[in-house]
């Protein structure tokens, strides 16, 4: 089978990882890399002498030897570049978040459908063994009914210029939630603060409200002295702690919960009992997520399939981010998540 | 000097700690203990044969040998018992939260002033070495400007019947914040969820908004599989991690932060730099907080002084809890904190 | 059934725990406490007004109302006091280590047999849920063949006057090993160092050698800046990490190991493969060990049974400590463990 | 200045790191790579198209375009290859341990001196910021007198064929000790065990004895269920915990220790008091050690200087390993460290 030719736009923080993974993935070869900044291009050439480079993204997009385009640039340029690439008949993989607005996401989805091209968003965590395991534990019913989802993603830096900490870090949590929770949120309440002049918010809190009594919450912070990547997922039967910084025990499953005691006669006795059993840290598949993701993208192209993190998955995250941004302006006032 | 005679109302979860500490504190003796539940009284007598017991709180309150009354009962009874005790001329120490409503707190403060009696609320954490150290680091300017206060206080149980997790656990964080932050919040946005029929909310999130760009947030949860007691405090010069579960290094001070780079010419270069230096875990005074608190209460009585955690401190916490409860009903809509 | 009357000799560091547990255990009552130091006796009386006190141990031993004697004094006095008590017809529980010499241990065992009295040594850890679980995992074959036992027990203080860190701390590890390992060591090699004038060794290392390829090692240290209580137990099928400082997950069972690959043709290929599976932290019984131990002692007295930690268990630990002391003098030269 | 041309022998586990670092270091270029295994050579060529490859080490050694040779092969071949390279007039950097015997190390040192070539051993940890900091804390007197050095280096795998865990892992600790301790050991006592047929020992314990009361101990294990890299260094004034797995706080300095109390009158009072102060985790330089090491090697070549980890440093580690191997055969009997 012929190899799929990949062009990568943007060789900044994340682009080199894209190039490396599509370089090493079976079934693809990186043909071309572009970056506006001339000084980034020799870096590509010294590491990958066979790859062509250009400062002009449009040159890469129009190149007839490029089958698929990876867009690894600031969010503000995602829509224009992705649209151009789809119109040029390319398959497209866009870094998260998919676009800067809900409307842009909708237009990209329509364009991809019209052109019958793969549109995928780089929600990397969906391709990790840990998130996959959490998904399965919920889907199989092992957790019981989901009660809450609580995530903390904080550390010092890297500040972004064009987006706030919410659009930068919360994307990860929102994409994970969208993938593993069986229900969709109906409203969002968010608050945040900015402490550096001329830079967007560096700390934000976001609550997702559901029709049922499920609640989800995300805390993101660029100004924290320590790095924390911890998610608690509570269920009626079991509970999960997902700590992405643990080298091997990323997922811990606790056989813990409460039991109800109907001793209505004694109003002073607690009606709630506690149940604690074993904790299990299942073995987690350790393949680099971006490698799994690259292979998935290539497979979707080859077989004409819809990716796991397709345009709709990207749109759903942007929908929540847009609503959260509104809620922040109103100091936490809940904003409904309209279905289009 | 004559010993101050202490009467303790309520011998449930926390009451025994009160009895033990006032039994051992120099300057006081526990004279009487009351509990509605007859079966609790023999426990007192077997441990403290010299202490008188009764089922009737009023008997204790009216006893002429009792100088000061500790109220260690469910929140709903705090106001009535404290009022009765103040009117009987006793000094009063009330378990947290001070009262169930802002109005009740106000009335107790007025009664204590009228009777010239000490009214103190049991905000225990204020009397720990760790909180004292955090307070001093902010007050001395070592942290610089405070940027945020973020606290997580979660574990499995104990469910309360008469109050939600907010009124049970968040009290600790709100009292600590009130003590160590140099500014007062102006509004609160809160969300929560309840998962057990007939029992109040078990998970809650609360954001405090300030006039400036300071932000404070509390996450409390009775249904978490692991116990976490961690507070992050960010400042312009340094940052603190306060982990109450660390056996000895409860406070860690990070010489970390950001520096601004005014290289306005290059829009692609980050304007924000990072500064990381040493981390210091100062030695923390390890005396049991309740012992320090007991001694402080006795000293305030002896010297006619206002306690550190006086009625106003108790009222301020109740004010925020009341507003948060309103905000929860409105799914996070911000509620202003009226000054009386 | 009549309660067993307990006399406790020594009210220093550990004695108060003995008094408290036998005070609260069903089936016993503490009748008398003795301590050479007059100033310790009022402490007993203020907490336990019904208990008689004396400075003379012999008075307690001879008292006709005392059925069993707990010896909670420095090691050097264990033998004399225990012998006297056995001769007076009392059952005896001695703090660890049982005696200062192997010969003394042997004589106590003989005296107890002659008098048909219970002789028990306070190897407290044997009565914890964690050690019990580790024992069961080995006994049931779940670990496979035992490969090694490695324990680290270090912290700052408490320095002892009459015994080295080996006789103070390593006792715990040796008693646990003796209980859970299915084979007995045949020799010991040990090294140590002393850094404080006039005080015995504060750091020691001890290797136990076996007939097979099992190896056991203990590291004890009174001068460590951090507290560590961690034991690794390697087996052919599974491995255990037992961390006594973990609040709830004290025992972790790793489904890890190696697999042999008989690819003899390729000398460059590794013959050893690695197997990693789930980790399980089983729920551990949390009763205070000393309570379980107290109840066990009372049961052995009532039913005339041999305790789990009988004289022989105490003797085996002293045998190893004596040999290790010799080895230390010879800078690690192995010393055989004679069977008597 | 002309670049120094580097030839790397061995492209297995560690060789690729050597190639990468000398490829990126200023002042050198990798000219040639050799490996006995033909299948390893295309890997080199795909990543570094400009590098020549060969199966024959001698071809690389004799190549006139090679100035310095890196030997990254199994220990058994170190001596022959290094000797050949020195005789061909090349500078040599040998992976640890330097040689398989003390005599070989001595001969290499002599050859290097005769040829006036740089002979350096790859004791990587000496070039880390953490070890550098520990060295400075001892050298500056901040720790006071060194009391003990205790290191644990355990994990599951990688089993080696030609050397035991002692020769594989303990090298790291011995090289660090040799660098940071101001005194030299005089004897060694070691024990070990092997659990896999046909493979050397997988667990070993090694005590170093000194003229003074300093003691050093190393525990290495290839069969541990968890990864531990922790060193405790006790001093009379302060103590260090060096945990190489900590992402940022690798070195913690504890202001802890003991104080002597000369209250000789009261034999029951402890003579030893405890002092605990702040803990400081200094910021550690984070450059990859191998990069620092490569630059140091190049500098020594350019300036004709003796490297920090020269032949003598390599010899000293081999001396201890050889003695430890003897001690293991005698089950821990101490073996003196002869000075040549």
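We call the chains A, B, C and D, going by the order they appear; numbering starts again at 1 in every chain.
Keep this in mind: contacts are C-beta pairs under 8 Å (C-beta built on N, C-alpha and C of every residue); 3 or more make two chains touch, one makes a residue touch a chain.
Predicted model, so just to flag it, every value in this text is computed and none were measured.
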item	value
Chain labels contacting chain A and also chain D	B, C
Pair joined by the larger number of C-beta contacts - B-C, C-D	C-D
Distance between chain centroids, defined by C-alpha means - chain B, chain D (Å)	52
Distance between the centres, which are taken as Cα means, of chain D and chain C, whole angstrom	38
Shared-contact residues (touching 2 or more other chains) in chain C	276
Residue ranges of chain B in contact with chain D within the complex	248-249, 255, 276-283
Parts of chain A lying in touch with chain B, wherever the complex brings them together	37, 147-148, 150, 152, 154, 156-159, 161, 187, 189, 191-199, 203, 205, 207, 209, 213-215, 217, 219, 221, 223-226, 232, 234, 236, 239-241, 252, 254, 256-258, 260, 267-268, 270-272, 274, 276, 327, 330-334
Chain B-touching residues of chain C, taken from the complex the two chains share	49, 227, 247
